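Note sheet for the following structure.
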Amino acid sequence: MILAEARERTGLPIVVEIMSQVQLDVMVKYVDVLQIGARNMQNFNLLRAVGETRTAVLLKRGLSATIEELLMSAEYILAGGNQQVMLCERGIRTFETTTRNTTDINAIPVLKNLTHLPVILDPSHATGHAGYVAAVARAGIAAGADGLIVEVHPDPARAVSDGKQSLKPEAFAAMLKQVGQIAQVMGRNLALAHGAYQQGWA
Amino acid sequence: MILAEARERTGLPIVVEIMSQVQLDVMVKYVDVLQIGARNMQNFNLLRAVGETRTAVLLKRGLSATIEELLMSAEYILAGGNQQVMLCERGIRTFETTTRNTTDINAIPVLKNLTHLPVILDPSHATGHAGYVAAVARAGIAAGADGLIVEVHPDPARAVSDGKQSLKPEAFAAMLKQVGQIAQVMGRNLALAHGAYQQGWA
Amino acid sequence: MILAEARERTGLPIVVEIMSQVQLDVMVKYVDVLQIGARNMQNFNLLRAVGETRTAVLLKRGLSATIEELLMSAEYILAGGNQQVMLCERGIRTFETTTRNTTDINAIPVLKNLTHLPVILDPSHATGHAGYVAAVARAGIAAGADGLIVEVHPDPARAVSDGKQSLKPEAFAAMLKQVGQIAQVMGRNLALAHGAYQQGWA
Amino acid sequence: MILAEARERTGLPIVVEIMSQVQLDVMVKYVDVLQIGARNMQNFNLLRAVGETRTAVLLKRGLSATIEELLMSAEYILAGGNQQVMLCERGIRTFETTTRNTTDINAIPVLKNLTHLPVILDPSHATGHAGYVAAVARAGIAAGADGLIVEVHPDPARAVSDGKQSLKPEAFAAMLKQVGQIAQVMGRNLALAHGAYQQGWA
């Protein structure tokens, strides 16, 4: 697989969204992290299936899921014995229309308070506009998030999907620098922030 | 007035919420900033009245007002010739129930992009829980906010209102320290962060 | 006043929105019902002021007010001794964009269960589209509403405001016929439905 | 299967929720209607799979799905050649807490305007309280809905799930009578209303 080759060349781990149980056998062979997308957060059959594996899972909050429901979905995975679950805030649906979603920044300290699981923020989906990604990424780390997922594309205008919210590599590098400084204030090191480098999945 | 005396002794400026036009004449004599509360954001008669003064105005976003509506309410004040308007994000109403409101952190960079007016964050109302105030205050400054309003009380359990979301002075001091460090990363100095010191109004 | 003359000629009662206490003295002389608009539902000074009068009040639910908050606002009026309070559901703010607001039809039976006050539905604001008004008006009466407020205009395209949601007189007459039949199923008579005839206020 | 036997004895058609593609082969043999639950409305693999069958599908709107998204999900099924799709409004998530969800009654005329597909209302989930089901069921038919799904249980307090929103048979019969009368006003006959008799699915 091409992704596996990309991992070998770059040393970057691979996150891929799984959308159906039938994809599971192939995916666990190649990917480092199985992503459960927002629209599948309450696909309980899929949650149970990934809970049977020992591959790390990135569980995205549903578009209008409560924090309690996110935690209950995580329980479906944990109950199968898979302890490697990361929670991801990716914006919720509100009446506000200047942004694609509303980043629930409160969810970061709330989740850190209620659970020991790592909490990741996705400022790309949570804002939907490249121009707002860096500000919300900084906010996420300042609020205590353990990591970020940020969409990057060398030519956003030609991206197959989500180009509007994708950073160019230069903007991404600038963002990483600021985020790294805030991570230091929070007592986290830059390496951690770099570990969140992930390219282009949604 | 007691507040005027408090200002003299401490050197702190005074912000008071104005709820009706009939209070205006007395208030402009004593207060430094007139606050328009969230429930009055679209009380157009009141907006026009404070627009006629030359006292600074802190305009809070309504519970379910869009960013566009907040800006349109600011226009009512500006149209009267009063240019000293500060906008305040104080959380919006969503389906989430673990917090009193949902901090719309996206609103910070969106407002900074759409207007030159200063943008203030109120993490006390936006979370409703003292335990989450510091995290969201840090997030606000990291996202580019120009100031914070934070509720502080020496004995929150006995506060007349909003005790649940009020910080004790020690917690407030700890918060200020972190916020000051993040302000530095953002190229703002500590004095600015201190300027946002405001005690107990909602 | 022109409205007073219109009342005399047509026999129709007059409802006018009051937006500030300073309008109160003049209005109580001429109008039959004082309307508190959605944006003023939590303008507590105004609520107290109309509570001191003995003029009927039509209290509209705020754009994102809970049913409990609507009832608490009614209490401000009732506490002043004014028992003539009507509650009005006029749509709440949600993420849905095909309509101006979302009619909370559940609010009708919930309010009828929690209070003895009359419950009115405003399908014009609650939908924002003339083409959907009749369907939602029928739904309101079927759900148990005591009355309707419907915007009517002889030439909606030239209406000063809210033309998009205004019915032409013919469409209004057709709506009234259907609504009257459903009112009969509900054991209410047509006269009641006619009593809700109100032209053009918001 | 027990359900197949129940159908034979009563003559009632069977609706069962399908939660995963792997259940499809067995279900198409026995059920009359495949239900796609709210949490699976954007499970595109499942939508495509039922689109390949020729069994009728009842597609429930997601908890915070827009009307446009509901129609786009229906397109996934229709694109496979399965033309028998019914759309179901079952309440959306808002800030209101006196009811389990908020019935978007506007969605009935909007959907009837935008599509030729039958529109069903589920007042049980849309209110979450048995005491409000009849009022909202009447509203749905008055707004133009083509059918209803109502939860009924002989002993709601002992129901395995959703007891709080289940009607006892007597209350259901009383509801059907009122709904039938409103259906007549709408020019629909009672048989149609009876066709919507469905017991206990969610």
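Going in written order, the chains are labelled A, B, C and D, and every chain counts its residues from 1.
Note that a residue touches a chain if its C-beta (ideal position, glycine included) is under 8 Å from a C-beta of that chain, and two chains touch if they have at least 3 such contacts.
On a predicted model such as this, the values are computed, not experimentally measured, just so you know.
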Chain located farthest away, centre of chain B as origin (C-alpha) = D
Remark   = By C-beta contact count, B-C versus B-D, the higher one is B-C
Remark   = CA centroids of chain B and chain D: separation to the nearest Å works out as 46
Key: Chain centre separation (chain B, chain C; CA means) in Å   = 34
Inquiry  = Touching at least two other chains at once: which residues of chain C meet that condition?
reply    = 64, 93-95, 97
Request  = Determine the shape of the graph in which chains are vertices and touching pairs are edges (line, ring, star, complete, other).
outcome  = complete
Key: Contact set on chain B toward chain C in their complex   = 19-22, 39-40, 42-46, 62-64, 93
Task = Enumerate the contact residues on chain D facing chain B in the complex.
result = 64, 93-95, 97
Note = Listed in rising order, chain D residues that touch chain C in their complex are 64, 66-68, 92, 94-99, 102-110, 112-114, 126-127, 131-132, 135-136, 138-144, 178, 181-182, 185
